[in-house]
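In what comes next, subunit A is part of two complexes: it sits with subunit B in the first one and with subunit C in the second one.
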Partner chain A sequence: MTFFTIIVRGLQRRPVRTGLTLVGISIGIAAVVALVGISRGFEASWATGMKVRGTDIVVSNMGSALAPKPFSATVRDRIAKLPQVADACAIYADLTSVEDASMMVVSAREWGGFSWHNLKLISGRMPHDAMEPAVVLGQTAAEVLKKKVGDPLQLETKELTVTGIVDGGAMVENGSVILSLALFQNITGNEGRINVIDIRAAPGLTEDEMKHLCEQINTTAPEARAMVAGEHLGNSQAFRFISAMSWGTSLLAVIVGVLGVMNTMLMTVFERKQEICILLAIGWKPGRVIRMILWESALLGFLGGIVGVVLGTLAVKVLETLPAIHGMLEPDFNAGLMAVAVALAVIVGVLSGLYPAWRSSRLTPSLAMQG
Partner chain B sequence: MKLLLTPFCLALLAVSAHAGEPATDLAAKLGSMQQDGASLVRLKMDVRGTTKFTLQLQIKQRRTSTTTEIVYQVLWPKERAGEAVLLRKTGDQAATGAVFTPPNKVSMLDSSQMKEALLGSDLSYADGVENFFIWKQQAIVGTEMVNRVSCDILESKPGRSQRSSYSSVRTWVDRRRDVPLRIEKYLSSGQLVRRIDTTRVATNDKNQSVPANLTVSDIRHGSTTDLNGASVKHAVNFSDREFTPAGFMEVVPARSAAE
Partner chain C sequence: MNDTNPHAIMKQPLPDSSATTPPALVFEARGLKKDYDDGRVQALRGVNFRITQGEFVAIIGPSGCGKTTLLQMLGALDLPSAGILHYRGRSIAELPDPAGYRAREIGIIFQAFHLLPTFTAVENVQMPMFETDRPELSRTERAVELLKSVGLGHRLDHFPAKLSGGEKQRVAIARSLANGPSVLLADEPTGNLDSDNTKSILELIIRLRREQNMTLVLVTHDLNIARMASRTVQMKDGLIVADHPAT
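What follows is the complex of A and B.
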């Protein structure tokens, strides 16, 4: 019988208890995978949205609200005059309820601006001009709102017509209601106001030059803050809060997992006291007994991690199918996250086994005689 | 400028308080925060009674220390678009109002009709316009947890000159964030009529924490109405005409005041 066989048999001795402990760890790890995956996916999908629009720098004023705060549209012209700015597109982006959908991204874009160029028509047509009472819908937005080309869409105080369904190349774009900035400003009473500017930098700028350009923009337009595309979401207090909540909730779930494994391993040590004492009596060193307990708890953590990764991924897949959030999730389940989750589970297992292992090392061969 | 029903919610709920303040001071603070000038609110209303329906609403409000004027306008669905309710209350006088049903029907509301349902929801007209924080009797009657948050309970009762269909209103205020998390409205018999729970708190365009989503429960009928705030805009320019029976029939966007 090998050392590893002893470890596996130790776990198989009480299959129900081992199984329940595995479930405990798995739920904790599933929470980590699901919540962090959703949170990272949200950030990644915004970055992808920026990339497909060809945006290098985003100028906005992200506070604690979900949508950026508005500022004067004249900021766009001031920024566009900077030498290293190749192009600028003013946007008014809002998160609002539209008809019976609770939350939709409404993206009002400067007519003719480069932020329209990535939109590929799937059906219908683009609006004819800046003031045509028309919108185009990302394909997911069209599904959520149950709209097709030619249907009316009530946006704020105005009934508009859906003239086209588009593929924007990213989840955020496909989940958006897209229209002309001038039209949106008119129907919402926000003339002369915008809350985002997409910037295209001059070709060939290095990362440092891009950051320097952000500083220049911040000096030119103190009303808002320029960030390299993809990093801007991290500047949002709301997103940071969501991200912290994800990790906080995950941490709680992991703590529950730690306690579960610790309880199981302690019970194992108590129940196998006689066996451990005999192992000591036949020459096992206390250090080897400690390693055995730690390996058992690490194995428990590893298996819990694997099951947790699968459970977390499945849970999010199920969530994605729910009508209320269909099209709003694009989780980022990359290999790195999976590896971190499994490693976390193993660490949880080892940490949970430390105390039971220490208890086992205090046993003496003579205790085996006491039964 | 996201999701906040601030002024609207404050008519239903309350805001702000600091530990150790007497009830009258707390009520005065809540009352003054409710009277926050001209604002525009957009919200989605989901009514879940015997008949279920959803409305998108635009709410125009002008609230001063003496007068409250509110216009509710239905933006969606199409078959109800244009329906509007105008409510007005000055000082201790009884609230009055008017209801517009397209294409051209205008019905005046007198004070006896203020108990009726606002646009078919579980709110009454009075709930929209009544400010119970200016009532004569205010008392902090206890502390209780609401959704794991410790809240002070402020009890408001109308004075003799103040008309209301309720004999008392209790407000559970989260003292840390200055956000009301629950309101209960009682009849003189002591019967609970209406409960309003805050289901989501958000930050408004003034960087204040305010209720963004509410659930209104009609205890007697067992029905509920969910109010989901979409946006709020303060310092809005309204014309006087928009708050008249002639003007509240027109659905127009509100312009921000010059900055």
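What follows is the complex of A and C.
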């Protein structure tokens, strides 16, 4: 028998209570895994979207809203003239409800711009020209909207025709309704306005040169802010808010877990008061009793963490099947997140066990003689 | 089994009765007092005694006379309120490591056995050994040997709930011997047993004490048990009122 056997037996004493405590911790950890995984996945997916479009720098004004703030389309021409800018494509991107879908990315792109080039037709065709009342749908968007080539699509007050279904190579692209910028500006009354410019830098620029180019763009176009693709989303106040909300919600769930473990370990110390006194009476040092309680709570946390990681992953898998958000999630369940979640659970366990362990160390061995 | 252990079961020769050196002083108490509730309860009111190596001392007296309190003081389970209590010349109250003292020098047998219910007999016996540097295998071997020595070789993997009262007390006795103590403290060890088990448990304790030349301090209110001791200490109202050698 090892010391670990004693730890495990301690938890096996009250299997129902141990099980319920595990459920409490695992729900907290599942929330961390699910919310943070979704949040990080969204960021990673956005970065992938930029990569497949061949975008090196994104110029936008990511304020506190979910979609960037609009600015004058003339900014695009000013930036395009910079020597190290190889290409620029003006975009109006919006997050809005489209027919029955509560939230969808609508990406209106400069006709003929490079941001169209990554789109691979799966069926149908691309619009013939910038003003044809047509859209192409990413394959996930087509599934969510239940559209096929030739179907009508209501966008604002205008009925457009779905002329093609495309594979954009990234979740964000595949979840988008894509149309010509000029057509979108016309439909929404936003003539001359854009809110994103995708930039392709001259080939061979180093990281420092890329940052220098961003500074040049920022000087040229103070209306917006240039950032290396992939970084811009993390600088969005809205995204930061969502990210903070994810962590905040998760932490609330974790705090509930902490209280659960603390309650369990306090009950354990209370119930096993005489047992602990016997151990002290037969020669155990208070430090060993403290270690026993802390290891039990840490093990509880560890097991809760493992179960929580599995639960969180499964929960997101189930969410992904819901029609309302099908194809909208691309969670990032990397090993780092799993490790952080389990480590968090263990920390929760240890912290929750501190007070009960301290209580146990205050017991006097003479109590063993009673009863 | 640790062959180098000076108190290893059945490996020690019986004390040489012809030796001229007096037996070593194990416990010495002078004016020992213990109060509870800010002095409102005086469990020990100035106790004086000396116990030497190998003695079997029975402490008798009515309930509440301070027998168990005295045993707690001897085992460093609690601290005296006043007076002197020495173990082999060292003050028990000032021991730097009272847990280590309990683990290595003292074996305690409780009236209610106090086995841990979620551990088997062999696991219960190993419990005190966690405070020593014995490796796992050695702990198990020692526990098995101790259980065999108390006649429970066939009950090694039984949980306490599956053992009779007498068997539980045998496991508890084996546990008390785990680290080869030089002193056994027994608090009414047969109080929860029937007469047959009382007899066999007492015989076992007395045999083990003799084989290992341990000092045995046994608290009882049963005069028949006290008669088996080499010395009887009678207590009343927190004081020793009589101290008789064996008749």
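Following the convention adopted for this analysis, the second predicted complex is superposed on the first by the 370 of 371 C-alpha atoms of A that agree within 3 Å, B and C clash if a C-alpha of one lies under 4 Å from a C-alpha of the other, contacts with A are read in each partner's own complex, and residues count from 1 in each chain.
Keep in mind that, in the parts below, a residue touches a chain if its C-beta (ideal position, glycine included) is under 8 Å from a C-beta of that chain, and two chains touch if they have at least 3 such contacts.
Model, not experiment: these values are computed from the prediction.
After superposition on subunit A, the partners subunit B and subunit C are seen to fit next to each other with no clash.
Applying the stated contact rule after C-alpha superposition, one finds that A:190 touches subunit B and leaves subunit C untouched. When both complexes are overlaid on chain A, the residue A:283 reaches subunit C alone and has no touch with subunit B.
Looking at the shared chain after the overlay, A:334 reaches neither subunit B nor subunit C.
By the touch criterion stated above, A:99 is placed in contact with subunit B alone, subunit C being left untouched. Working from the superposition on chain A, the subunit A vertex angle toward subunit B and subunit C, CA centres, sits at 120° in steps of 10.
Of the two partner chains, subunit B is the only one that A:154 touches; subunit C does not reach it. In the superposed pair of complexes, A:219 makes contact with neither subunit B nor subunit C. By the touch criterion defined above, A:74 lies against neither subunit B nor subunit C after alignment on the C-alpha atoms of chain A. In the composite built from the two structures, the nearest CA pair linking subunit B and subunit C is 48 Å apart.
Note: no residue of subunit A belongs to the subunit B contact set and to the subunit C contact set alike, using the contact criterion stated above.
Contact residues on subunit A toward subunit B in their complex (touch as defined above): 63-67, 69-70, 94-100, 102, 152, 154, 156-157, 159, 186-191, 193. Across the complex, subunit A is touched by residues 68, 71-72, 75, 77-78, 97, 99-100, 102-104, 106, 108, 110, 112, 114, 116, 118-119, 122-123, 126-128, 130-131, 136, 139-140, 175-176, 178-179, 187 of subunit C. Considering their complex, residues 1-3, 40, 42-44, 54, 56, 58, 75-78, 81, 202-205, 207, 228, 230-231, 233, 236, 251-256 of subunit B touch subunit A.
By the touch rule above, subunit A contacts subunit C in their complex via residues 1-3, 5-6, 9-10, 12-13, 274-275, 278-286, 288, 364-366, 368-369, 371.
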